[in-house]
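Here the chain labels run A, B, C and D in written order, and each chain numbers its own residues starting at 1.
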Amino acid sequence: VPDADRFTPRDPDFERRVRENFARQSFMHTLGATLRSVAPGEVAIELVPRAELTQQHGYVHAGVVTSIVDNACGYAALSLMPAGSEVLAVEFKVNLLAPAVGSLLVARARVVRSGRTLTVCQGDVFAHTADGERHVAMMQATIIRMDAASARPEAAGE
Amino acid sequence: VPDADRFTPRDPDFERRVRENFARQSFMHTLGATLRSVAPGEVAIELVPRAELTQQHGYVHAGVVTSIVDNACGYAALSLMPAGSEVLAVEFKVNLLAPAVGSLLVARARVVRSGRTLTVCQGDVFAHTADGERHVAMMQATIIRMDAASARPEAAGE
Amino acid sequence: VPDADRFTPRDPDFERRVRENFARQSFMHTLGATLRSVAPGEVAIELVPRAELTQQHGYVHAGVVTSIVDNACGYAALSLMPAGSEVLAVEFKVNLLAPAVGSLLVARARVVRSGRTLTVCQGDVFAHTADGERHVAMMQATIIRMDAASARPEAAGE
Amino acid sequence: VPDADRFTPRDPDFERRVRENFARQSFMHTLGATLRSVAPGEVAIELVPRAELTQQHGYVHAGVVTSIVDNACGYAALSLMPAGSEVLAVEFKVNLLAPAVGSLLVARARVVRSGRTLTVCQGDVFAHTADGERHVAMMQATIIRMDAASARPEAAGE
């Protein structure tokens, strides 16, 4: 069954690898984003909104929303790859569905197709509000695998 | 001629309006991004890369790159709208072409189609490197116009 | 509950309206595509692959795959709109996951967010193959509502 | 200079290769689309609108518009690749800007970034109307190179 295969990690140490990689992302620290959960092919990242991250109406900026769901997609992809892999986003598309306001933002991503070179992920961002959970954004993303050893700066997007 | 019309701003005070709106974006201050130029239907935003904005390889995070070109698209759209307009991104798509490294990032956007409700923009991000200007990312975005007076939090994406 | 509301059609005659609209699409006849099911906010379209619809490797052309899932998205959106509405695609994004080969292609779409002006849909295409169902493509689309009475040719994309 | 390199084809026989590949696409024949021009990194495809290709308002269907600009992107990519290469679309995003009506549709695509594995293209569709040329659609697409010899059906999207 393809779906079962898809969620069998090739590296049993996938969670540690994802968490170490996340810890090296300065921008996630700047945003105050944290890894909420790491499962094979599924990652969630959360963020507490604050004034420094807002746009002109006081909502969390679309770029912040994109940043956390882009990362959730990348780490969902990485979780299924063999040890020694690195990931880069090739492209993503985001639909903004509602203002990103609330006490917490959670970005959840899952692998839809895991190929040898390219992985396709689907991600969503939800906001915790007084009225419950609101669907804030959705993403469709393509991620490329690279060998960590040969990861060259000029290879981005390739 | 449609193209000439497209670049005739309906509000002669468009530049002040764009600059005031930009100044209200806390997240742009957090990133250290600045408005480089505002012309009818064309806006450029620049950013000096620094460690707080990087991902795991030391490149500027794709979410930061997206934030400045998303804003450049939004303000390019706003520059052609009548006074009393507000803009929200409906969706955008980004292709990441090369690592965002260098002494300066510049996001340039231009209006491709300016409608009564929806505006479509095309944007690019370039990095200034020792070897010259490198094309780092490209965006295709849809922006919606709202009346500032009636801008309701629940209207995002509508 | 937002999700329940979302799937309550405003026009009880929604299915007839969708089927009549589909019947007016010459291109669907040219492709041999048929409406498989129409539920509130969810539509499926199917197509039997044949040689006239293939690209250079003998797979069904990505443009055909896109055509049926684009239509499934548009009709999912239309199913929730009041009588007298028309729909136009504003934009869509497609990831091609596997070759479109098999005895049948089925495009399924569902409304993710139904706004007054804009509707966002998510769609998938599956191929029936000897090994079971294969996920061939996924789409994220924005659809705009127009009044049928005032639908003007120049309004597309607005 | 990167831009000059970009448009130097690695296979001097690129035009014949593109034209032969196009000729094998049954769906292009079904649509009545023809190759208008093939230059290194730039391809144009044209189509005369007819009733069989229309949607419910009598415009050329968005799926047809997508098909020709998707192909223009793919062949622009192929024109810069070494002999023995095949291309597959990984993903594309289309914004529909105006109704596709007129005496002729022309899809023009150009390579923006040509990598070893992935190529990114930008495409536009214009309609010839009584009032001149109208910008109907724009696309941003990612194309993957495969070796023709090892092109396996299961590799699509990889």
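We take it that a residue touches a chain if its C-beta (ideal position, glycine included) is under 8 Å from a C-beta of that chain, and two chains touch if they have at least 3 such contacts.
Values in this document were obtained by computation on a predicted structure and should not be read as measured data.
Equivalent interface to B-D within the set A-B, B-C or A-C: A-C (over half of contact pairs identical by residue number). Shared residue numbers account for over half of those found at the interface formed by chain C and chain D, and the copies are therefore classed as meeting with the same residues.
When chain centres are defined as mean Cα coordinates, A lies farthest from chain D.
With centres set at the average Cα position, the gap from chain A to chain D is 31 Å. Centroids built from CA atoms put chain D at 23 Å from chain C. Centre to centre, using the average C-alpha position, chain A and chain C are separated by 28 Å. In chain B, the residues that touch at least two other chains are 90-91, 93, 95, 97-98, 113, 120, 140, 142, 157. Taken as a graph of touching chains, this assembly is fully connected, with contact between every pair of chains.
Against chain B, in their complex, chain D makes its touches with residues 93, 95, 97-98, 112-113, 120, 122, 135, 138, 140, 142. The touching residues of chain D, when paired with chain C in their complex, are 21, 24-27, 29-30, 51-57, 59, 61-64, 66-68, 70-71, 86, 88-99, 101, 151, 153-154, 156-157. Remark: chain D residues 90-91, 93, 113, 115-118, 120, 140, 142, 144, 157-158 touch chain A in the complex.
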